[in-house]
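In what follows, a single structure is set out as structure tokens and then discussed.
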């Protein structure tokens, strides 16, 4: 079965990202497919490589990246939500005249259409938020 | 609507302005309208406040996105279900809501209201008919 | 003491806790989604009406306007202030508690 | 249909709305702060006990443990599942609604 | 405590783990302890869940920060007020809470409990005595 | 009178930053002083220069920066909260081996002690959050 995963809050402030990660891992372990993980609202903050959480705590951005690498997951950060919140890749940085980017490995920035497409292509859409 | 169309329902339970969910939820609905699916919106709990007439953000310096609801009809988003109980609990009635309409192409482009006040049982049934439910 | 509440009373319990713990005679200022508390005819009316007897209850005008709540819809006794009034209330009271 | 609730019922109204709109026979899974709904002897007990008659009510074990809620404190009839059970519930039901 | 010390109260109304406010609020209290002010903490509404015994985050992969509450006594944060009504409403009693203590240097370093269950009137009075109230 | 301002949520997702901005402006207009504006929890996200909000919307990061410049405000981003969420200046970037920084003009990163100090030195402390 194909799951689509929507993450609407940033890491740490709310448990949503943790729950989404744990659900995604469990689904993969049970042999299900993950159509895509889409990050919306403050969820886009899951995709910054500039975090340095305390060493005795989980590194949520890194956990997403590792999971994506291992299972070839499509981690998509919504471009409109990302612009509001300052998550940019090299292209976005150039486009908006920013002198730095902060997207993390394994994430890509794309449009809201990818969320709708995920809803169409998935058997179940799971929303994790506040 | 295509044959393989899915039924998408956007459930709005949050007031506008205090949080961004209403505004960014609306952006999803507008983009989603291009995908030729069967789309509806439900307004429950504080979500009914999104449709309140007369919003004016001039003094608070936020973006007034309420005019966007008027554009929904042009995007063929024509089914807006409002939970009757949520309205009443908040001291509101249908007169308090924006008048949102669409032109029915199957009925000589007559202008028809998009908002339908529904009771608990109708809403329950509508939700059970969906393929995808997105909560904002 | 000034108490501020920024949550809709239909969504969160902040108003209830504030009213339980605010000393009689306190100032209570409703801001952001908190202004939804003061609509006449809502399920909150009796609670807020009761509160206006023990406290002075204010609502932030710019937040009422943003949400399309006209002043004639307000529960009697609720006063409307702007951001300058918010500053005055904060300055005139000895301390401020934000019921988030 | 699977309904998930991630809010404490003492803080937010999500549980109440879910119970009002969930069709009898639905599965309801409490996660994150939602697991605080299932403590025996709380003010929520009668509401949740009532819900277990119409629905199957689950609570996420890892979230109960994180919060120090032992299984013997749970209202009778509430079932505990792990993340794999969460996945199964999502797969076995036709659709999922997250009451945020 | 210095003469110009201010009375700081940290009011905790949120459950742990679902949001970060409890954890980061505690970090403020620990840093604040170095500033030689008169510090107290209040636990109201879901904040009382922060003090629940037996927290174990192993399976959810979050950081279990509950042991930090035991360190509060060493930082001379010794006044933890718990709202009785909030406890009862949630089906909890004092036995459910961690046993937090401090050594009273004014009383031959006797070990004393830090937690005091208070009723509404006491809490109201305590809040009115503060100079600074921080809500987490 | 001296006000201390604590902002606990990021821009846009919650109204807290807007309310804090409007309050701060009104206090300055009435002749009050602002001891400091301290950004904690997700509030640290007010301090990224990488945002590009829609042109018809307010630019909250820029509004803070302009207000700070005009009134010589001290805008402090909590270092611990910022590390968790990926807000870094040049020093922090170097310290944690990051190849980019994203702090906005007018903001500085410092410790939680600055929040307590703000509480001590201010006549009133205002908390804006969710």
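A, B, C, D, E and F label the chains in the order they appear, each numbered from 1.
Methods note: contacts are C-beta pairs under 8 Å (C-beta built on N, C-alpha and C of every residue); 3 or more make two chains touch, one makes a residue touch a chain.
Since we're looking at a predicted model, the values are computed, not measured.
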(request) Spell out the chains that contact subunit A while also contacting subunit E. (result) D, F
(request) Look at both sides of the subunit A and subunit F contact and report whether the same residue positions are involved, with over half shared, or different ones. (result) same
(request) Using the touch rule from the top, work out which pair, E-F or C-D, shares more C-beta pairs. (result) E-F
(request) State the chain with the largest centre-to-centre distance from subunit D, centres being mean CA positions. (result) F
(message) Which chain has its C-alpha centroid farthest away from the centroid of subunit A?
(response) C
(message) Suppose each chain is reduced to the average of its Cα coordinates; what separation in Å results between subunit A and subunit D?
(response) 26
(message) I'd like the Å distance between the centres of subunit B and subunit C, where a centre is the mean of that chain's Cα atoms.
(response) 28
(message) Counting only residues that touch at least two other chains, what does the list for subunit E look like?
(response) 17-20, 45, 60, 62, 132-133, 135
(message) If I count partner chains per residue in subunit A, which residues reach a count of at least 2?
(response) 8, 12-13, 15, 22, 41, 54, 57, 80, 125, 127, 129-130
(message) I need the residues of subunit D touching at least two other chains; which ones are they?
(response) 6, 10-11, 13, 32-33, 62, 82, 95-96, 98, 100
(request) Any two chains that touch count here, so list every such pair. (result) A-B, A-D, A-E, A-F, B-C, B-D, B-F, C-D, C-E, C-F, D-E, E-F
(request) Sort out for me which residues of subunit D touch subunit C in the complex. (result) 10-13
(message) Quick check: in the complex, which residue numbers of subunit C touch subunit B?
(response) 6-8, 10-11, 32-33, 36, 39-43, 45, 61-63, 65-70, 73, 82
(message) Quick check on the complex: what are the subunit B residues that touch subunit D?
(response) 11, 13, 44-45, 85, 120, 123-125, 127-128, 130-133, 135
(request) Spell out the residues on subunit B that touch subunit C in their complex, using ranges where they run on. (result) 14-19, 45-46, 49, 52-60, 62, 64, 66, 89-92
(message) Applying the document's contact rule, which stretches of subunit A touch subunit F when the two form their complex?
(response) 10-13, 41-42, 45, 48-54, 57, 61, 80, 83-88, 93, 96, 98, 100-102
